[in-house]
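Reading through the structure tokens given below for one structure.
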Amino acid sequence: MGAYFSEIFRGLQSLAIGMGITFREFFKPVVTVSYPMETLKMSARYRGHIELVEDEKGQPKCVACGMCQRACPSGCISLASESVEYEVEEKGETKTKKKKVLTKYNLNFTTCSLCGQCVENCSFGAIDFSKEYNLASSRKEDFHFDLLQRLKERNS
Amino acid sequence: MSLTVLNAIIAVVIAIGFAALNAAYLVWAERRGAGRIQRRPGPNVNGPLGLLQPLADGAKLMTKQLMIPGGADKALFMVAPVLAMAPAIMSFVTIPFSDVIVAKSMDVGVLMIFAFASLGSMSILFAGWSSRNKYGVMASVRAVSQAISYEVPMLITVITIVMMTGSMNLHDLAVSQAGGFWHWNIIPSLASPLMPVSFLIFFICSLAETNRAPFDLGEAESELVAGFHTEYGSMGFGLFFMGEYANIVIGASLITILFLGGWGCPFGLFPSVFWFLLKIYLLIATFIWIRWTFPRTTIYGLLNLSWKILIPISLFNLLLTAGLLKVF
Amino acid sequence: MSAPIHIQPGETFTLNVGPQHPATHGVLRVKLEMDGEYIVHAETVLGYIHRMHELMGENRTYPQVLPNLSRLDYLGALGYTHGHVLAVERASGIEVPERAEYIRAITVEMNRIASHLFWFGAFVMDLGGFTPLMYAIQDREYILDILERVTGSRLTYCYYRFGGLYNDIDDEFIPATKAFIPRMRESLKKYDALVTGNIILQKRLKDIGPLSKELCRKYGATGPVARGSGIDFDVRKNEPYSVYPEFDFDIPVYHECDSFARYKVRMDEMEQSLRIIEQGLEKLPDGPIMPAKKPKLIKPPAGDYYQAVETARGSFGIRIVSDGGKNAYRFKLRSPTYSNMHLFDEACEGMLIMDALALMGSLDLVIPEIDR
Amino acid sequence: MNPTVALSQAPGLLTADGLAGVVFLIMLATTIIGGIIACNAERLVRAVAGLIVCFIGVAAMYYYLNSPFVAMMQMLIYVGAVCITIAFAIMLASPEENKKHGPAGPLSGPLGIVTAGLVTFGMGAMALKTDFIPMPKINMGTVENIGVELLTTYSMVFELVSIVLLISIIGALVIARQGRSK
């Protein structure tokens, strides 16, 4: 009989303690961020999708070596380049040299797993993570990024 | 048309309006309250403080298509939500909000509320059974066995109070406690030393009768998806929802009248309808607070609580009060 | 509670729980044969999100598999990537700088707390209490913020590299973690008062869902599930790896075998993880995070390698059979939840459905990790 | 009793008495429709629903006859207790819902119609022959009056009510056990 009542009493006590905790929480400030109205700043190392990095002249640093393409586990990077002949003056004479110039750099973001191996494997620091996270669309094509185009848009 | 008929119609319309308004805004209050307890804002986009949210919800529910699952018992499927809402509105008719504000003062007011509450459990049974969903059937059986077992201690507690007051009229019950909180039934007196316990039992029972957490076994979403209203959408679901909140208001009103002195002021001054509303909304806030604090009980834990704890104690209280009333 | 009545054939019905059901937390499907509310027979159906991670491990180079491992268990991802890098390092004999190992241990333990916190919330939500989930998520956000600043992502980390780390911790990591530890201890006290002490929760968990020691052994259960049944097994102690021998911590073991024991094991583990993090921050040495000499191309010599780690859910084993090439010849993952879940079929027979789902919650299932 | 005379003396539809008559007819219709549903429903749960409708009609009539206490008790006991017990019994009983096609009982077919006709005729004749006198109101049908009457004059009836409940509970148990041991 004693156990019967003591259990009831302890039960009620535990319920009262629980209610006390939620009562205190009720008066504490709200911790959530009302997302579309206010946003948080992404941390410095936040890994969004990749972007091409430009040099001082506004041209992509990329030399189209293709390391990123080979390192990518998902095969979501595709790039193309063409050889361009250009002239330099070396020791007083004009020489014609060949250089690879990036013509296409596409990222298929639908299969990207944001592992960062492309950035890690780039010896030229030509790609970097963007801080963009507001990516939403109902169309698949919206996630096929033409990074060269995006670079041009950023510069203009 | 005679005046009495007109009066009755006006009373019923006001009752429906009060029930619907309460149902809509209690949903808002519940969501805001839950939000505050969980340290998030809750609905705050539609209108100031999210006050237009119930309208948006209502518009959404009304414009949705009413789906009836294949193989369901159509007639009962349609009747069940109405049966959930109608008794709740009927019960409003006899609740006195103040000395003068009452649609129809009945000598058997307490009985009437319980009589119509029993219809509510039938609606759950029909809803679960007719939607031809295994979750629904299991939930409805649970909800009904719960309703039956909690009606017993609830009625025993009411009998204790009726015995002390000598009336089943809700108006008389409230008037007998007039004049300050020391006259209220919740305060133990010589004839009824266990009244706070009775209050607690009645409070727990009204939580269980209205299918509120921690006794919401009929709609235990982690086990039975949505329980008896799994298959209901649009206004069918809306009526169940409104019925639930209307029942909560009735439960709170009943507690207020039986234990907390109805529309009487705690200090015996200016009895008015505002005191009544204040008391019932405080009680409803407690309901909401409880819901967002505790996990759900099990079905056998629930039945054990009723048959092994609440019923013996309330019976003991009944006998004790009866004996002491004879003595004093 | 177990079924008191002998069940007659032909009196049962089949209840299909899942693949979309609030209690299964993912796309697990359980076919239950029910007699009223009692379960007569249960059959778990897997494969709704099978993604062939093992095959992917066989036709990709070792570094390319790195992101896959964190997709196994999205709640405690670092533990799984830890296992992978340790296995490949063991296979190819790469030395890891001490600093990197310490940072790995600290971040893994933080991830373990995050995982347990989410389990705690989801479990109490299974039992019908919604508010603790919100508090748990709130605490978990602090961990995710700290980890995001270091690793760059919040959930599916790809932070460890063969030989070390992707990048070193930043300046804010140590103060933020030091501030987090007392706050977390405060929260654990709050959970104790709000949830653990609650009579309703105790009634729902104590003596419910017993898993005997034999049953755990039979199905190869590990982690908190086994430790709740009195099996004192933790890979961090029994087969020490990384820098775990340097830390002083206890393995909580409970002998009650019920759902409450499993609950208590995880709650105690959070405290132990906090202790490990505290010691790790104290002992954290300076130095590089990547070895000076690291092979350009990872090509483990031919052989059979196995590495087990203790993740939030139990012992995660990774077996690599190498033929000396760039890809693994065989890439086998032993995921703890897979074994833990198969207890359920046998354990839940004769239980009420709500107790069985409480038992399922106490197993801490993460479905992508079962299906792989 | 000439029905045409009664009709000509009937009150107008929009007077209080007329409306009360309409309400009375609605109650009557509710009771009869409920009874028909209860008897003819193919599904047992629908039969219970019909029974509830019937009981509500009867309760309304009690209320109409100035006896709110009995009306509420009718609701509380018959709808709240008996019907739910019946519904429980149905849920525990064997799950077949097919119509029985076995040999019909002795009171089906032409014999049944004759019996029904005789009963209806007998009741109707009795009702028409009786000279209904409006009785003076004995009391208000309040709780107090009924309580005193129940425990003095009608204590036997009161006990019989509890037997009704007992029978419904035992019936539920019997059906439940049969369903189990099959």
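The first chain written gets the first letter, and so on, giving A, B, C and D; residue counts start at 1 in each chain.
As a working rule, a residue touches a chain if its C-beta (ideal position, glycine included) is under 8 Å from a C-beta of that chain, and two chains touch if they have at least 3 such contacts.
Source: prediction; values computed, not measured.
The fewest steps needed to get from subunit A to subunit C, moving only between touching chains, is 1.
For subunit B, the chain whose average C-alpha position is most distant is A. Core chain by CA centroid proximity to the global CA centroid: B.
Set side by side, B-D and A-B show the greater C-beta contact count at B-D. The mean-CA centres of subunit B and subunit D are about 29 angstrom from one another, to the nearest whole unit. Subunit A and subunit D have CA centres that are 74 Å apart.
Averaged C-alpha coordinates put the centre of subunit A at 52 Å from the centre of subunit B.
Subunit B and subunit C, compared by their mean Cα positions, are separated by 43 Å.
Within subunit A, contacts with two or more other chains are made by residues 15, 18, 21-22, 25, 31.
Residue positions of subunit B with contacts to 2 or more other chains are 37-40, 292-294.
Each of residues 131, 135, 138, 194-195, 198, 200 in subunit C touches at least two other chains. Within the complex formed with subunit B, the residues of subunit C that make contact are 1, 13, 15, 21-23, 34, 36-37, 124-131, 134-135, 138, 194-195, 198, 200-201, 203-204, 352-355, 357. Listed in rising order, the residues of subunit A touching subunit C in the complex are 10-12, 14-15, 17-18, 21-22, 25, 31, 43-47, 71-73, 113-117, 120, 129. Residue ranges of subunit A in contact with subunit B, taken from their complex: 8, 15, 18-19, 21-23, 25-26, 28-32, 34.
Contact residues of subunit B toward subunit D in the complex are 1-2, 4-5, 73, 75-76, 79, 106-108, 111-112, 114-119, 121-122, 125-126, 129-130, 137, 141, 144-145, 147-148, 151, 167-168.
Put simply, subunit C touches subunit A in their complex at residues 60, 63-68, 71, 131, 135, 138, 145, 148-153, 156, 158, 161, 166-167, 170, 190, 193-195, 197-200.
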